[in-house]
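Here is the structure we will look at.
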Amino acid sequence: MHWPIDLIVLTFVIFCAIAAISVKDLLGTAILFGAYSFMMCLLWAVMGAVDVAFTEASVGAGVSTVFFVAAVFRTSRRTKD
Amino acid sequence: MTDLLPLIVAKYNYWLYVILMMIGLYAMIAKNNLIKKLVGMNIFQTAIILFYVSIGYKKDATIPIIQSAHGGGHGAHEAAIHAADYINPLPHVLMLTAIVVSVATFGVAMALAVRVYQRYQTLEEDELRMRLSEK
Amino acid sequence: MRVLAFIIVCLTGALLLYGTGEFPDWGDPQSPASVHLSNVYIEKALEQTQVPNLVTAVLADYRGFDTMFETAVVFCAGLACFLLLRDFREKKERYYRHTPTGVILHVKDSKKIIKVGKEFAHMDKNWVPSDLIIKSVCRILIPFIQIYALYVVAHGDFSPGGGFQGGVIFGSSLILLAISYDLKTLVRRIKEKVLGIWAAVGVLIYVGIAAICMPMGGNFLDYSVLAPLVWDPHHVRALGMLGVEIGVGIAVTAVMAIIYINIVSEGRHEEGL
Amino acid sequence: MDNYPALIVVAPLLAALFAGIAAWIEERLSYPIAVIGLAISTFSAIMTLMTVIASGTIHYRMAGWAPPMGIEYRIDLLNAMVLLLVSGIAFLNLIASYKSVEQETSDRAGSFYTIYLLFVTGLLGVTATGDLFNLYVLIEITSLTSYAMVALGDKDRGPLASLNYVFIGVIGASFYLLGVGYLYLITGSLNMMDVAGILPALKGSSTVLVAFILCMIGVWIKMALFPMHVWLPNAYSYSPVAFARMVAPLMTKVMVYVMIRLMVTVFGFEYIFETLNIADAVVWLATLAILAGGVMALAQKNLKKMLTYIIVCEIGYMVGGAWMGNQLGMTGAILHILNDAIMTFALFLAVGNMVYKLKKVDLTDLKGLFGKMPWTMTGFVLAAFSIIGVPPTCGFFSKWYLILGALEKGAYHFAAALIISSLICAVLFFKVFEICFFEPMSEGHGHGESHSQVAIEEAPISMLIITGFVSLSLIVVGLYSGTIVNTIILPFLK
Amino acid sequence: MNILVILFLVIGVFFFLGGAIGIMRMPDFYSRLHPAGKLDTLGILAMVMGLAIYNLHHFSYEALLLSLKMFLIVFFVFLSSPTATHSIVDAGMRAGLRHWTKKKGKG
Amino acid sequence: METIVSVKPLLAVLVTLFVIPILVSSSSKPNVRESWIFIAGTIKLLLVLSMLPVILEGKQIVLTLFEIAPGAAIAFRVDGLGMLFAIVAASLYLVTSVYSIGYMRGLDEHGQTRFVSFFALAISATIGAAFSANLMTLYLFYEVLSLATYPLVTHHQDANSRLSGRRYLTFILGTSIGLVLPAMIYCYSVTGTLEFSTAGIFAAGELSKPAATVLLLMFVFGFAKAGIMPFHTWLPAAMVAPTPVSALLHAVAVVKVGVFSIVRIITGIFGVELLSEFNLGVMVMTIASVTILVSSCIALSQDELKRRLAFSTISQLSYIVFGVALLTPQGLLGGVIHIAMHAFGKITLFFCAGAIFVATGKKYISQMSGLGKKMPFTFAAFFIGALGVIGLPPSGGFYSKWNLILGTLEAQQTIFMLVLLLSSFLNAFYFLPIIYKGFFGKSEEEGDGPVKIQEANLCLLIPLMFTAFISIVLFFYPTVFVKLINIGLGLL
Amino acid sequence: MAVSNKGTATNNGKSRATFINSFFSFLITFILMFLSWIVLSGKFDPLLLWLGGISSFFVAYYFYDLLFPSMEENYIKIFFKFIIYTPWLILEIIKANFHLLRIVFHPRMNELIDPHIITFKTNLKSDIAIATLANSITLTPGTITVTADSDGVFKVHAIDRESAQALPGTMLKKVAHVFGEDI
Amino acid sequence: MNIFFLSIALGMCFLMLFSLYRAIFGPTVLDRLVGVNAIGSKTVILLLLIGFLYERVDMFVDIALAYAFLNFVAVIAASRYFHKRKGLYEESFMD
């Protein structure tokens, strides 16, 4: 029943992951990483893991991204790769 | 073609988890920037979570919260509960813990990255190595 | 390095793919993982623990011991961030803002101290006036986020969520406060000391509830022996879980705030984002 | 009281929390709280060990649920021994650390003790638990605390070393978690005994094989077996002394314990040595680890670093012994867990005393130390002899069993590596001794009688007493190793 | 009833589609924000409305509260979405991003 | 064989160990310290002697302390051989401690407390080795001895002693870990025991000839303290140590432990029959002979007295190995009793060298012309000691050499008899000139020395005269030792 | 809020007024919180209600000054006015959204749009009013508030001339009416 | 009706692709931010739809709500970065 959504979102997730590690700007990485977490959350929800989805939503989309941005704020956006 | 689709659906999650994990691992090993590595680390951990959650999924089953007729409070268990109706909760439990662990690690790692930057003014590994060998 | 990494990654991937060969299909209800243990949980949990959310039941009761250490991990992370980054040293250069006029004073002499009060406020190089729109909207939102977070903590038994999620959301409400106003506001409202103590107290609630079971005659974490202490002995396990979730929520809230504050200000507790 | 098994782990955790609270309210209270917590833990460990020896394996059900559903503490002889080892060493080290913590991290001592106790909790939990996933969580506690501690030690290089440690540590833990996932997928259970009961039916499954390999790689990374050892030297040598003294002897040993536990209890010898044919390769790896560790140790100029490479070398001993696939080798490996923990502890205690007085311990800083710190050096010498494998000290006896095991299996290369590493260690330590013994101190050196009149600047008495106690226990444990083998290890292996 | 639900949902999807196309087609960052910030907001409103109505299919007390809860999302989005949009625009301004103008675009 | 369980062997080992803390705590009061040493030495000797009657009755004293593994315990067993060795070591320790008081104070050495402490430790280990019941225990004390002597060898803490110490350890520790340990473990893994027994521990057919050869070679070379030729260089190097060390340890305790171990290996591990069967005695004898001859020749060319003595020691040690390797009763007797005879002879010589050094500061033979006239007692003792080493009557050395030659005849190894004779000749050749020079040579620095050369102080003089005396006594009354050996080897 | 009775007795009326003010804002916050708790929870279990009460108290106690910093304004009136304002706003939003949709789907989009920034000043005083206006502007398509400072100066990014011309216009009047301020 | 929800959900997924494109290829960081913000709003709806697919929407509303909150926090945090650190590409003036 849910497999089409699962399939599509999973593919998006892979895109996001690749993009997140290949962007040449750490803030961009942070933002894409947030997107990656959104997708993941969706994926968990699709698979019926509501608690995991909730946690991923709160952690991945929320605090993780904020920590990331905070760290980038205190360090540097520069990255060579 | 008709045989292929069920096969893909049956294993798609497992294959993609491997790919995701490879992406994460590659980033952790090959990337030059420490924060990039951290992102790789997180992707790696998420891949594992994906794996576990995929284990737990059951076709035609609902989320692992027992459905009571009127949703009413404690102890309302009228009908017998069939295991096949609910998704396996155990992997979810494990992954909750794993997510928490990963966010804790992530926080500490970020703090470390800030410290490293304070000290060396860079996060690139090759530059760090250069700084270290200077002394 | 890249080639080596690529080889390692490919080897690992090949190994994992090799392992997937004998996996049961995705979503197969008859896979070993779905029949051996989980059936017992699904069928017995409501009866034994009176908690409809199976995940919570397993998380806080059957495998409550894991969760206890998970909370300890969170506590540990907060403590680690504090230890690593907190910087108690006096700053040499200080900036002050004259609030009525908005004039910024830059004091280089460390001995000269301007009294901070209504007229003058501390600031630092990163200071920018906080955005009015964000500020006023967040002002309205934050209490709602908080009540929602508390709701999530309290309803861990019935709906998804629980201590950890609620704690994180509460923590992000504090972070939002720090972002929309400034970090000083947060630190002034909730003292660092309070956060530190609460982080420990939260875990302590968990461990305490678990440990009290031992002198009561049960095993560690065995909530059922607490029945004489609560008003509703039939639901003692659910109540035990609720208590535990509250502990988790407190600890996680405090820790998230600690981590954010320390990372964003490099441990100086000045201006953040 | 039947709750000793839980108390071993919970006492330090509770103490950690109270110490954490005390750190904010009245920092001086943290230390006594920590001491009390660890004392209770040690006492419980002793009681548990005695119970286990007297009446066999203890099954402790957390939350009162029967094993496959709930988490179980399954304490057999091996567990009990390692538990006592961990809590004992942590306790002794805590007593010895008061002064050095005061010196190194005076402004946040309370938090230091909290992290310290959490670390101990993690190690104890890893040892006591009978659940595969619980093990992972506890491994993460130990790792997280060590990350913090490593960064706290050396202000300059600590954070970077720690960050690298984070990366590798996470990879290790994640591999382990993946392995557990594969196991869970194929068996549907997480309890060690339960899994062990199901596995024999799945002998030929590729999933089990991959699960096994993943678990092993994870544990190896965590224990720093040779090619995955890169994080260890920096991490351990940059951490604060009070912590290094505990992490160095315990962390890797506990991981070796985990490996043995997985091999003996979960997968079973039959599977590993009869179905799979990788034992020879692993023994070769261990041989390489021993040699590489020794050679790299030779190249070091800093005492702490040198010792960390020796740890790498010692890990090779234990892995090799465990993978011999015979009783003698396994006996040697288990005995070496005990012995190596004690001797590394003794070494690091002595080094801690030196650091307390000298601040840094490059080899050139050690000149004339025999005159300056005779007691510390005595402890150091004894520990060094133990590492080399000089008979009355315990290091010899485990080496004895290891070589016997190697001979029985016909792994002559491993036996040779053991002997060579002994020689390398001898060279290493005598290099140190020579510097301490022959080279005059940098200030006011003279000849003849002036040597005996060197002002003795010893470390504080609390540190010395512990150093002396541990050093003596090296010999005592060595002499009683027959008893240990007969009462603990052999019954366990049967 | 179902027709109403379908109508709302289709309208919502239509708004979202507009947002998506807008994000793709608009020439610069500032103008992209217009569809992203607003069409999506309205899309959410429409779709939640549809879903809430569908939820009231089997009317009960709980279902009503649930629909209210859904509207909480809308309330929230209406507060937060413009703020977020404004915040992003402000960020762009402060970052010194120049906005696209017609002349420039043509020239 | 009747056995008695007693703690006496343990006490005999520990008594000098227990005194160490007292020594350390009384480091500021030299007189107290030295009296403690003396008391401990006396007790030790008395303890050893108190066991003598029991042993002479043909009984054994056993004591098992720690069961490490089946067949490899930390255990003591006092038999004839051990007793012989223990008596020699304990009595000479007492003598040496008197001597070292004189020597160390005479030279005003630094770190005297450290010195005496490690000395006590070393002698404990020596006695322990003598009383070992099995190879494990023997190895244990062997290693302890190696390490305890290191600070003694490098006592001066200068560059020279550093180099020597390095060489000392390299050879002693390297061989024991690299050769003895694997060999021992191999033995254990084959037989499951390490207990010494006169029949050997190997059951029939357990050991092939090549294996036995390799194993024996590993042991013989591995116990490098015995100074078999390629691994002998540590001994001359160790002569940088203060003379009491050289005297007691490098003439008696350390080197004899090495030899004693080889004796134990040949008689207790392999067993005489096995080795005879494989005809391995000849191989060992050949090695020993080479050592004897080559080191004697090197000794000839040494000018430093102590080095000459060292090389002499190397050759004399090989006599013992040689004798044991003959695998005949006479040869065994001769070899083992040479432990005692050479001990008394050589220690006398070292004492004399030390006394000369203390009194005159001279180390080289070429400087010693005419000293005999000023130090007549010393040189007389030197003469007696030299006789003992050469093997001429009326010294004990004659007795052992005589038995050795008989042994070679018994084994019908005429060539080796020639080796013995030749080496005795060489011995005479490198000792007698010293004596000749001392008594009849012309003093070089007659009159211009500011200090008048005279005999060393009594603390030095008495011990050396005493040992010289004993050396002569042993010529006339070797019966106790002979009996002990016969009991020990089961020859009776 | 943590002002005790003792403190107020000795002080003059001003502090008493502050106390009452804060108490009222506490009370309103509490009620609001409790209401949202009920909406969220949807269960009327006594335990949960108690927990809701405690939670609301907790939030209200610590953060009463966030929602209602002072009692100067007549909140209830504003609230009702705001309710009236909302449908108009939504209508406006929908209207304007179609306008935006037209732009988006127009094949020659670039000709339709003409982004530019306009600045205007209002006399709005209170932060809330400014924020409301700003958000309303943002929500009505074609325009996004870039900055709005406390002096009432607005900087708005408009996507085309047509949207820009509508500003500030009716919306300002409505908002001012809601918050009872002059235009 | 479920089929309809599923197709709507798939349509949303398809629309997400556009936002994803902006998030991945957006020329500037802020474009990515816009993309992510748009993804966020779609996800909220998707979550609700999944809830209907599971017929347990009461459980999914919580997630959607939390999601909306936290997306907001993240976006605010990311855009606040530019309030403090000026400059789109290069490093700011700090230290």
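Each chain carries a letter (A, B, C, D, E, F, G and H) given by its place in the written order, and its residues are counted from 1.
By our rule, contacts are C-beta pairs under 8 Å (C-beta built on N, C-alpha and C of every residue); 3 or more make two chains touch, one makes a residue touch a chain.
Bear in mind that the values here come from a model prediction, so they are computed numbers and not experimental data.
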Between subunit C and subunit F, the fewest steps along chains that touch one another: 2
Contact distance in steps, from subunit A to subunit E: 2
Touching subunit A and also subunit H, the following chains: B, C
Centroid comparison with subunit H (C-alpha atoms), farthest chain: F
Farthest chain (mean CA position) relative to subunit A: F
Higher-contact pair (C-beta pairs counted), A-B versus A-C: A-B
Mean-CA-position distance for subunit H and subunit C (Å): 22
Intercentroid distance (Cα basis), subunit G paired with subunit C, Å: 29
Distance from the mean Cα position of subunit E to that of subunit D, given in whole angstrom: 57
Gap in Å, rounded to a whole number, between the CA centres of subunit D and subunit A: 37
Residues of subunit E touching at least two other chains: 19, 21, 33, 37, 41, 62, 66, 69, 72, 76, 79-81, 83, 85-87, 90
Shared interface positions of subunit B, touching two or more other chains: 9, 12-13, 19, 21, 25-26, 54-65, 67, 71, 74, 90-94, 96-97, 100-101, 103-105, 107-108, 110-115
Touching two or more other chains - residue numbers and ranges from subunit A: 1, 3, 48, 50-51, 53-55, 58-59, 62-63, 66-67, 69-74, 76, 78
In the complex with subunit G, residue positions of subunit C that touch it: 131-133, 135-137, 139-140, 142-144, 146-148, 150-151, 154-155, 158, 189, 232
Touching residues on subunit G, where the partner in the complex is subunit C: 29, 32-33, 36-37, 40-41, 43, 47-48, 51-52, 55-56, 58-60, 62-63, 66-67, 69, 127-128, 130-131, 134-135, 145, 147-150
Subunit B residues within the subunit A interface of the complex: 9, 12-13, 16, 19-20, 23-24, 26-27, 31-33, 35-36, 39-40, 42-43, 46, 49-50, 53-54, 56-65, 87, 91-93, 95-96, 99-100, 103, 106-107, 110-111, 113-114, 117, 122-124
Residue ranges of subunit E in contact with subunit C within the complex: 76, 79-80, 83, 86-87, 90
Subunit D partner contacts - residues on subunit C that touch it in the complex: 15-16, 18-24, 31-38, 40-41, 61-66, 68-70, 72-73, 75-77, 79-80, 82-84, 86, 88, 193, 196-197, 199-201, 203-204, 207, 210-211, 214, 218-224
